[in-house]
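The following pair of complexes shares a single chain, chain A, combined with chain B in the former and chain C in the latter.
The block that comes next holds the complex of A and B.
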């Protein structure tokens, strides 16, 4: 099944999910079209990371549907979702600390049973984006600096040659210069390779400038959506997310 | 000196057997965080399957010893692995998201099930076999007439252990399955986000652990010339002690711990008293737990599965 231009690559409808008794997603609708960068912004605890993990079935949706490329993946096992070439650089990076950088990247390539040629070209692409990783290739993941771990998490996700790349707070804890590098890398991947990206950020300014479209999430619900520049103009967005969180 | 050398050889052979069992404990602990108390009984099952296979082959008139040993090894590994897989599937997997003690209790239950099943199916008496491998080498003849010997069985036990460990180390460090196992050990959620089937990987861990225990069971049969339904209990606890001594979760630690326990037990029996050999082994465990709670090699940087 391949999606016609009208159907989005990822379509989320009335999605609800919970951790135990705490409902984290209370009926979320969200679309991502192929070739788009979509930003998801919101305060801490709004449910952004939960949404990304629920797409992978961790936790499982209580109700609602998630469709990827026209296929309902709401009940598909997590590891089979990864095989559809959806990749995630998750909250907290989750680098394998006792594996080398090379092995961490190999884990990404294994996700989609890449051929040797694909693996080599993906590796080249990752090293072109993050030359730092090449210098650290034999070092253990756990010994990398925060910024290097972030690069590794994104690099690992790219190794599976994803059709949808999901990035959770890629600039968190990074020096502004490195954060800029990472945003530039995402833009390059999107323009050159048509990579579809869902990016979760607290740094709303950066994310909305990068994204074609954005969604704002509050307490497990989408409260606003629009193009990146539209959202940047909204006074309530400026107040809540761009100007130090001051209320009007 | 000759006496000491002889005991050293005996201790290393016994230690190899403990080490092979200890790997199963440490591997399962690393990946699912539980102590598989039924693992000693899996070792016992391996010994019985080796015995049964051996008797069947001999009753068919097979006499080529190397061929017999190879077939016994493979059959015993395969069937015991199936036991390991089944135990995990029916007794541990359904409890994986239950409270932490649940799989542990279930493991103790499985241990009883396997022990009693063997007792009922095979009888309670010790099952002896005539020596399958005979002969050996005299390494040194002392002045007082004490002879240091290295028997062919001992050579086979040590060589088999070394070869299997090399294979196993290669599997864990350089194959996709090994990488998946280490990924599951370090972060199961992330592993599944990268397409690793965590349930299948855990099953494979039990299968490999059981296959190694089967080899230990067969070596025990060859070395001591007997098996019985209760042998898994003490051997299992000793191997568990070895795993803790080496640092639970650490693969080289399990092997090192196995060798040390084998040596301590043998040397204690040789110089002090045979009756208290188990006391010696377990006292060492207590001392290690007090002064070195993570074991000898149980540091976080150590490669674990």
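The block that comes next holds the complex of A and C.
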């Protein structure tokens, strides 16, 4: 494991989760320190998304612990986890198509008890990051382009002023140029606001370049970890996820 | 009539396509009707089977289907679905949008004046009360189906709970209408939550089946629990509502005597009219307020994408339960009103037919649109009365009108969803342009 300073913001110890009889996580250990970007890479069905969803309380962990800021959140209901200001942008964006951009963003703030002032300042922050959303403010979510929808999904997650932002495949189905914009925005968030980010990606090259540290997941287990650049150098990573398995 | 989605491949299918389709429809009609209409059977005087053929009627029927199918297809091309872009002159467009904005206030003012204008027409007043009852039921169900997207086929159960709550409390304990009204609402809301719990994990078709069964269970309990509900005999002698304790009766302590005016039974009808109007407006007001609050927004988000709601940390359990409870509460209010208006209730008033009718109003109105639901209730209940002169063809004409309306406006009368968060100016974007369901 990495040489982690003090206590990490999120600490996962031998976490197991399953869908019925199929075990998706077979004892995962993972740390996320405050202020860092952590990338979780791996092939389809490795359990990356499951790990993210288990952190968020659904599916429930079978065994193991998840600690957020020193507090055990294993088995805490999803809506209570959201109140601790962990936010996620789910796989496939999942914005609300018939609701306007403004309403979509407000939905992000609804789960936490946000005051009007909080909402206004979060909204400003989102618009500063994604000016495109401001232009589209009255438009229905479903009329946005794929990239704009991804911006909306991230913006929506940011509305709850998260301490930990979890992004599931933010570059999925996006043109390389748009994907780069999204990654740039994540980097900006991290540098300017010190936002802690867990990013789940199949686009290993981009994700590892962006991240401070990375974890590689295979069949429900973490097989490798290290800094982003370290992992990028590893021949087995290059072989499995970059040269051969690279998407786009 | 079968309707393959061939229209999607080509915008305007040719004559051959229309002809072929009409031929298929006619063939289906021939098979179906050959026994239903072609052969007439009856029991003879000694109980033996007598039958004779009616090939003329059969031929007429098949020809009608053939011709109807062609007309139908032509009409479809004529109007086209809402998605087609048509060039409308700006002047007409602005007039239409003005009319659109004015229709609600005009309708409201007119409704307020109905008892004044039609004071001497008892029939219209009664019809108005009936329409308003369904407007209220529609608005109540709209919370569950239109906003939260939970398909509820047993809404009549809450209507029944409200009606029986008032009827039993009033006849057994002598409580007044105004005390029982909130109680009926609370009891109905309680039953709404009770229904909500087992169906939390269900969606779509499965939810519809359970709610349908729930509606039937309530009706069957009312029918069979004779000692409490009176069974099929129902509850009689339900007291009429009073104005702050003053009855609207012909007696010396009645309102007419106190005011020193001549008594007329119309007073009570007008009074009832304004009660249901007030109740309906309350329903509307509460719904509009709730839509702007996080809970109302959560209902709509739930309709759009339940998984996304969970990902945002929305508590879907409470969101669903509050939707069921709120919708049920309004159903309960309407039920209490129904009981006091009728003075007599029995399980026969709470069949599945009522649920279907209210659901049709919501769907026809455009799920989630308050004005649309009101217009649909007016069209459904009022229109049904309008066609009364057609006797046995009433259902046929009415059904055809509904089919045509759904072709013309597949999203209901008012399919446009008004946003609830406003920032400076609004851009009107037709909901028809929005891709459905995919994120």
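Rule of thumb we're sticking to: the second predicted complex is superposed on the first by the 240 of 248 C-alpha atoms of A that agree within 3 Å, B and C clash if a C-alpha of one lies under 4 Å from a C-alpha of the other, contacts with A are read in each partner's own complex, and residues count from 1 in each chain.
One rule holds in what follows: a residue touches a chain if its C-beta (ideal position, glycine included) is under 8 Å from a C-beta of that chain, and two chains touch if they have at least 3 such contacts.
Small disclaimer: the values here were computed from a predicted structure and weren't measured.
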With the two structures overlaid on chain A, would chain B and chain C clash, or do they fit side by side?
clash
Pick one for A:138: touches chain B only (first), chain C only (second), both, or neither.
second
If you count the residues of chain A that each partner touches, which comes out higher, chain B or chain C?
C
Considering only the touch criterion stated at the top, classify A:13 as touching first (chain B), second (chain C), both, or neither.
neither
Just chain B (first), just chain C (second), both, or neither: which does A:100 touch?
second
Please indicate which partner A:149 is in contact with in the superposed arrangement: first for chain B, second for chain C, both, or neither.
second
Thinking of the overlay built on chain A, is A:209 touched by chain B (first), by chain C (second), by both, or by neither?
neither
Contacts of A:234 with chain B and chain C, given as first, second, both or neither
neither
Between the stretches 37-45, 73-81, 163-171 or 253-261, which region of chain C is in steric conflict with chain B after the superposition?
163-171
Intersection of chain A interface sets (partners chain B, chain C):
56, 58, 77-79, 82-83, 88, 90, 94, 96-99, 103, 106-108, 110-112, 140, 156, 160
With touch defined as at the start, can you tell me which chain B residues reach chain A in the complex?
176, 179-180, 182-183, 186-187, 189-198, 300-301, 303-304
Residues on chain A engaged by chain C in the complex (per definition of touch)
56, 58, 77-79, 81-83, 87-90, 92-100, 102-103, 106-108, 110-112, 137-140, 142-143, 149, 153, 156-157, 160
What part of chain C is in contact with chain A in the complex they form?
294, 297-298, 300-301, 304-305, 307-308, 310-315, 417, 419-423, 425-427, 429, 431, 433-439
Applying the document's contact rule, which stretches of chain A touch chain B when the two form their complex?
56, 58, 77-80, 82-83, 88, 90, 94, 96-99, 103, 106-108, 110-112, 140, 156, 160
